[in-house]
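Chains here go by letter, A, B, C, D, E and F, matching the order in which they are written, and residues are numbered from 1 within each.
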Amino acid sequence: MKISVFRKEHFNAAHRLHNPAWPDDKNQQVFGKCNNPNYHGHNYDMIVQITGEIDPETGYVMDMKVLSDIIKQNIVARFDHKNLNLDTEEFKNLNPTAENIAMVIWKILRPKIDSKHDLKIKLYETERNFVEFPAN
Amino acid sequence: MKISVFRKEHFNAAHRLHNPAWPDDKNQQVFGKCNNPNYHGHNYDMIVQITGEIDPETGYVMDMKVLSDIIKQNIVARFDHKNLNLDTEEFKNLNPTAENIAMVIWKILRPKIDSKHDLKIKLYETERNFVEFPAN
Amino acid sequence: MKISVFRKEHFNAAHRLHNPAWPDDKNQQVFGKCNNPNYHGHNYDMIVQITGEIDPETGYVMDMKVLSDIIKQNIVARFDHKNLNLDTEEFKNLNPTAENIAMVIWKILRPKIDSKHDLKIKLYETERNFVEFPAN
Amino acid sequence: MKISVFRKEHFNAAHRLHNPAWPDDKNQQVFGKCNNPNYHGHNYDMIVQITGEIDPETGYVMDMKVLSDIIKQNIVARFDHKNLNLDTEEFKNLNPTAENIAMVIWKILRPKIDSKHDLKIKLYETERNFVEFPAN
Amino acid sequence: MKISVFRKEHFNAAHRLHNPAWPDDKNQQVFGKCNNPNYHGHNYDMIVQITGEIDPETGYVMDMKVLSDIIKQNIVARFDHKNLNLDTEEFKNLNPTAENIAMVIWKILRPKIDSKHDLKIKLYETERNFVEFPAN
Amino acid sequence: MKISVFRKEHFNAAHRLHNPAWPDDKNQQVFGKCNNPNYHGHNYDMIVQITGEIDPETGYVMDMKVLSDIIKQNIVARFDHKNLNLDTEEFKNLNPTAENIAMVIWKILRPKIDSKHDLKIKLYETERNFVEFPAN
């Protein structure tokens, strides 16, 4: 039987929800206050889940210090204290909803994690709104 | 691959665990202090999980504001600041354990959520006792 | 300089806010859904704060295990899984608001705690509504 | 003896730390990544503390529903989903540090709260950085 | 459809990560500060998840009070305020990583839980490092 | 009016409560399972509170990044992943109760913080047991 290990990290960012293919009033109607042209922001908490076998020599699935460094170098350094819409390549043409941010984080981390391990991302936009990719 | 989105809401209610088919001493023995005839109560936290595809136009599985309104109109308005045993139709003849409350919430919300989406309910009776329906 | 030590305990109870000197419509207007005649309930978290000198022999202000037992015997045993309005002497004639519950807990515990120590009670009715008695 | 009551509310906002009297390199040196010209953001949690006597008729210091409405109308409506630097009068010419935001919230709320009551604001910029005004 | 019920308990313990088959420098390199020969420690939170059918007579999957007692007698009594490496049989010859602790807890509890129920363990070593066994 | 700023940091350590001037049975009687000769451990959370005036140029009482570095260099580097009784000078001859640890942290940090600022330490040994030095 396999086991999952989890590491929690966080970043703080500004964003705005907006679909450039829509007129302003439709953006306002669909995204409401999240469409504010001057942006708003969040403390994002992310939980990275790795699933695999326990290595009998270390007792680890993988070293959490290594996983933490991978997350900090690839995700936190890229998104922390940034404006997701203006400062990042990933969301220049992709609406930075929690769903899309989680999927982008998964795509960035997937090639950095041993392919024998499964990867899942849980992203908290607030304590009350969060997402998980991929779904069980 | 599908993604899950989660919305957390809460309600405060009184309840009593009791099986009317049993004599008082068996109810007392099985349910202990939860059988108190004058009721006790909890702050219930519920997490509603919707699983589906991301809509490419919005970047949403579904609008969390819409989901929040569905939960408030159908669950919070029905159970908040109520006595589950006395004030609700759902628990007139059903013991309001955390298990049954979660199942009832699922049954109320299921027809309100697009049938292409999966639905799951996590209900916290306390920080230390909670349930999830359906199980993975 | 003195130091404070804190112990967190909890109880779950039903209650109803009501002033018997008022007509029903005024109770409803002032207390709203908290006036529900069939009660509602909460998970109450309480933090008991003791302030004093460190005993040089133990390194303790007081033994937290002893404090925990005092709280459990005098507060939890009295209020847990009870209807505050119906099942307790303290709230037969006193409206069980968070303010009054905190003051009652303070009055019950004060004679059980060494008089050389200061005592303060923080009571959480919910994560978002809480009180502290006495104020700083 | 007086008692304190607390109400927790929250807002999400973008901001940037910047002193316009300084050259860019000094702003960068002092405020680091918080000086990002395109802003970043936070989930701000605020706890509003009111200290006073318990009203013997209600058992309240003040009605938490009324306090919640005052906070929502005066603070949340003003700052939620806003860019503090660009969208608000208060921070056009005041650096939106946690310290200054807490002080501004206090100044806005002070005239809305009965003058017989003391007022204190605790503001969480993150779980790990927070402020309280005025200090004890 | 089945339902899961969860019970949270905790224990505080000292431990050291070490592979006796390796030389000291390799232990130091792999386990870093977790290899400290004089041990360090954690507040471990564990969540025990039981999955099964709701008993129509009780409305329970299983009585949480019974589950809590099973956990306290078999896990908390064994590991709380212990040095996992020195004071327990289970980790005399097994490295007490979070992964191995979760698996050991699962193996101890599995025969104590009705075989018709599924069992899963989530173990928090810190708020930011945790594991789940078996994986979904 | 002054304002307080708070920074939360944490360390994980092993310890044992013991008074070498007492016989073993008295140590066992007073400190119970905390007297285990092989140690146990905790995740310690500490909140460092600095009180002073807001600097009008920065909007800061003090830079939280600087405060975080002071805490990490002076407290975390000294106590994290250590056995407080065996690995530290401070607790060679001082019982490492939460009270004494908080007081030691205060004494180490006091000369590192500008003397015009007040300093207070809140230390969580567990979620349910914590201390604050000095008391208000």
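As a working rule, a contact is a pair of C-beta atoms (placed from the backbone, for glycine too) under 8 Å apart; a residue touches a chain by one contact, two chains touch by 3 or more.
None of the values given here were measured: they were computed from a predicted structure.
Common neighbours of chain C and chain E, listed by label, are B, F.
Between chain C and chain F, the least number of touching-chain steps is 1. Summarising the inter-chain layout, the chain whose CA centre lies farthest from the centre of chain B is F. Note that among the pairs A-D, D-F or B-C, D-F reproduces the C-F interface, with over half of its contact pairs the same by residue number. Each chain's centre was taken as the mean of its CA atoms, and the one lying most distant from chain E is D. With centres set at the average Cα position, the gap from chain D to chain E is 41 Å. Centre-to-centre separation of chain A and chain F, using mean CA positions: 34 Å. Chain centres here are Cα averages; for chain C and chain D they lie 28 Å apart.
Within chain C, the positions touching two or more other chains are listed as 127, 136. This structure has the following touching chain pairs: A-B, A-D, A-E, B-C, B-E, C-D, C-F, D-F, E-F.
On the chain A side of its complex with chain E, the touching residues are 1-9, 51, 54, 57-61, 63-65, 118, 136.
Remark: chain E residues 10, 12-15, 33-34, 36, 38-43, 80-83, 86-87, 126-127 touch chain F in the complex. Chain D contributes residues 17, 19, 21, 30-32, 94-100, 102-103, 127-136 to its touches with chain F in the complex.
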